[in-house]
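See the structures that follow.
Here subunit A shows up in two complexes: once beside subunit B, once beside subunit C.
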Partner chain A sequence: MSGTSSQTLSFTKPSPSLPAGTGEDYWSLDDFISSKERIPSMVEENISFQRLGHICPHTREAHLLSKTKLDLPLWLAKSLNRKEMISITFPKAYKESMRTALSADPTVIDLHRNGPYFYSVGLSLLQFKLDKDRDKDEEEKERLAKTLIETFVRRLRVIMDSSHNYYCANTTNMTNQLDELEKYLFSLGQEALTKQIQYERGHNKIIMASSLTSNSRKRKRN
Partner chain B sequence: MFGEKVLDLVGELKRARPGTIPPYNEDLTRQVIEEMRVLFEENLTDVSEAASEKEKATPKPELYPSIHLRHVCLERNQRGLLLYNYNRLVKLRDLRWELGSILPDEFRLSLSEQEVQWFQRYNRSLANYMRSVGGGVLDLTEYTQPPKTLHIEVRCLEDYGDLETDNGTVVQLKKGRHYYLLRSQCEQLIRQGILEHIQ
Partner chain C sequence: MDFNEIEFLAEKELVTVVPNFSEDKITLVTGDYGPFNPSMPTTVPLWLAVSLKKQQRCHIQPPEWLNVDMLTQKKQDEKESELFVEMPSNHFIEIATILLDNASDDITQPDEVRALIKDISDARAAKLKKGIVDMVVERATHGKVDNLTPMEVTSVRSFLTQSLDQLHILRSHANQHATQT
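Here is the complex of A and B:
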């Protein structure tokens, strides 16, 4: 789900990679940044992190004791949760109240403020162990997955429509409420529209200055 | 909290406008490596304590959660550093294909020494490859679009100086003038922004 533009050549990526099935790309900037999202967590019973009390800002203990509540970044929470060292609850943007709002009308919600990696964090949450009871766990995840899909599908229509029809217009109003993934899709649509219009006008035969130079030249002039 | 510095580092690259390379942040890189060193040493003492087989010391399995946590942080930092360097190289490689083998000053200044060396080595490999497949005359960065005509009309956007064409004549490129040149000759100059293709 990397948001980088398609590259002209693929060059072999260096070897480390994440375990399969995580849906993450080891080399993607977006995936790396999106996993900074803070997840409300609690240290499990019978587990304590010796000599790591300083991680939690509101205790003065030398150790991080069991039942301590703290916000951990997603990348850390995921690994500790898999080892059953911590339990987690959903962040605000995935709680019941937000889900109700999303099911009412997803198109008016500002997913940039509630994200900006709403979908990729949501997908990661599905890999957590939420509840010791297996059925409850499944049920909770299924509801989250449904919300994610419905939100995406219903918002996509509006995004597609506007990305295919704004030409040479200021789109910041439109895009600053979008999640990063949606922004990427929006820009793909815009790119295609520009290409189509250029083709119709016969501009496609022109060799263009590289976007790299036009940027650096602009900077020089300033 | 661990892993915040490396996030700053990667975020800096992400925020850079498309088509630019931000200056190599050696300072922050060093700070991340320092954080990793501390984590590693703490883990080393804890591991030797936890799994100690000396007679007097008792093994301490209760240290394992901390060891695991620090290890995850180490991996996170490692991934960030690799990601930072790799994505910069991708940008640098794209530069080679867009602007040719000479690195413009505004890019050279933001590269680390190793990156400049890498660029030179990449240049050499690419040149070797092109020589091996095309009998010495093939330039893969030419003709990125199928040509409709041999010659094209161009406008010069800045005083460039003399350009020697393949048949030996020298054309002086001056700002504001129009020329009718071989397409293969000016494609690179157009992409560098010195000439403009007009119809």
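Here is the complex of A and C:
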């Protein structure tokens, strides 16, 4: 848990940036939310969890037996995987079929439905043990990392173009297909555009009283 | 930085005014200005010039680049060059906007000048965006952004720095896996 992110804790403006360190970012709410992502897992051979049968909805056993398949949240799957108690397969958004689609044209994929923390969860998956064979495991991770970068770069172009051009328009059409991180970047572009246009149109010339003073009760007495 | 703050900085640039009143030297924090004599040109900061102009106590002599000929030339240069062309002032958009808004009667062909300024800034903005895309997509390690004005930097600052930050994080994670094998 060595999150060495430069982000400070801020509740007013969420900034779903990726964790900078190799671990999670302790203070990031988005990181916290993304860790609930379900990971298809399977209990390893020769391992069983006593009296935990009830966490798997489709079995009536009292114990969680070996080779049971179930979805576990990312945070749990990660530590169990590290102790080699479970093996995992990729969630749907990272499977081969999805990757083919992403390499064909990432700009048309709905990453909100397939995420909405596509990149953040993707980075976490890189820390799993994906295959018992070390070489295969590394190969798989390299391919996943490549997909993540390619997707981000190619989508970023569209996001930049649209975020610097939509003004006073309904952007939900655009943003409802974006991953949370992309949405954040989109909003940054929009903010800059709005400020620039407001400056150009001279909206800033009118100096307004701070809302704090105009709402203050003390002054309204007379 | 904000656009308002950049405009504030631009107002410190000096311009020449022709006053129609007499006044001794005035001492301001940034320096002494004046003395003011009718029909004797003198240099003052832009904000002071605008203030005097509003009281109809001076004419502003527009900077030598603020005319159709010079700007047409700059526009041509900007279109032909692949890199950003050096502009006559780091704050050319702001100065032109302020002068056109407050002293358009001192500028010859103000409408044409306004259109040219807009054309130049649009051409530069398009160039900047294209440069960013090339930089991100083609994995260039650096971009040459000489002669970029503070205004233009501000328009892409937050988006660009954050995007590159996130991209860097993605890449460093990926590289970790490449080196571990």
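Please note the rule applied: the second predicted complex is superposed on the first by the 177 of 222 C-alpha atoms of A that agree within 3 Å, B and C clash if a C-alpha of one lies under 4 Å from a C-alpha of the other, contacts with A are read in each partner's own complex, and residues count from 1 in each chain.
Heads up, the rule we're going with is that a residue touches a chain if its C-beta (ideal position, glycine included) is under 8 Å from a C-beta of that chain, and two chains touch if they have at least 3 such contacts.
Keep in mind it's a predicted model, so treat the numbers as computed, not measured.
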Of the two partner chains, subunit B (first) and subunit C (second), which one does A:119 touch, if any: first, second, both, or neither? second
Taking the superposition on A as described, I'd like to know which of subunit B and subunit C A:188 touches: first, second, both or neither. second
Which partner chains sit in contact with A:164 here, subunit B, subunit C, both or neither? Use first/second/both/neither. second
Once chain A of both complexes is superposed, is A:148 in touch with subunit B (first), subunit C (second), both, or neither? second
One more residue to check, A:83. First (subunit B), second (subunit C), both or neither? first
May I ask you to decide whether A:26 touches subunit B, subunit C, both, or neither, giving the answer as first, second, both or neither? first
Which parts of subunit A are in contact with subunit B and also with subunit C? 202, 204
So in the complex, the part of subunit B that touches subunit A is made up of which residues? 1-3, 7, 10-11, 13-14, 17-20, 42, 46, 62-63, 65-66, 68-70, 72-73, 76, 79-80, 82-83, 86-87, 90, 93-95, 97-99, 104, 106-107, 144-145, 148, 152, 187, 190-193, 196-199
Help me check something: in the complex, which residues belonging to subunit A touch subunit C? 17-20, 22, 119, 123, 126, 135, 138, 141-142, 145-146, 148-149, 152-154, 156-157, 160-161, 163-164, 181, 184-185, 188-189, 191-193, 195-196, 198-200, 202, 204
The answer for subunit A against subunit B in the complex is residues 5, 7-9, 11, 13-14, 16, 26-30, 32-33, 36, 47-52, 55, 73, 75-76, 79-80, 83, 85, 202, 204-217, 219-220
Parts of subunit C lying in touch with subunit A, wherever the complex brings them together: 2-4, 7, 97, 101, 129, 132-133, 136-137, 154-159, 162-163, 165-167, 169-171, 173-174, 176-178, 180-181
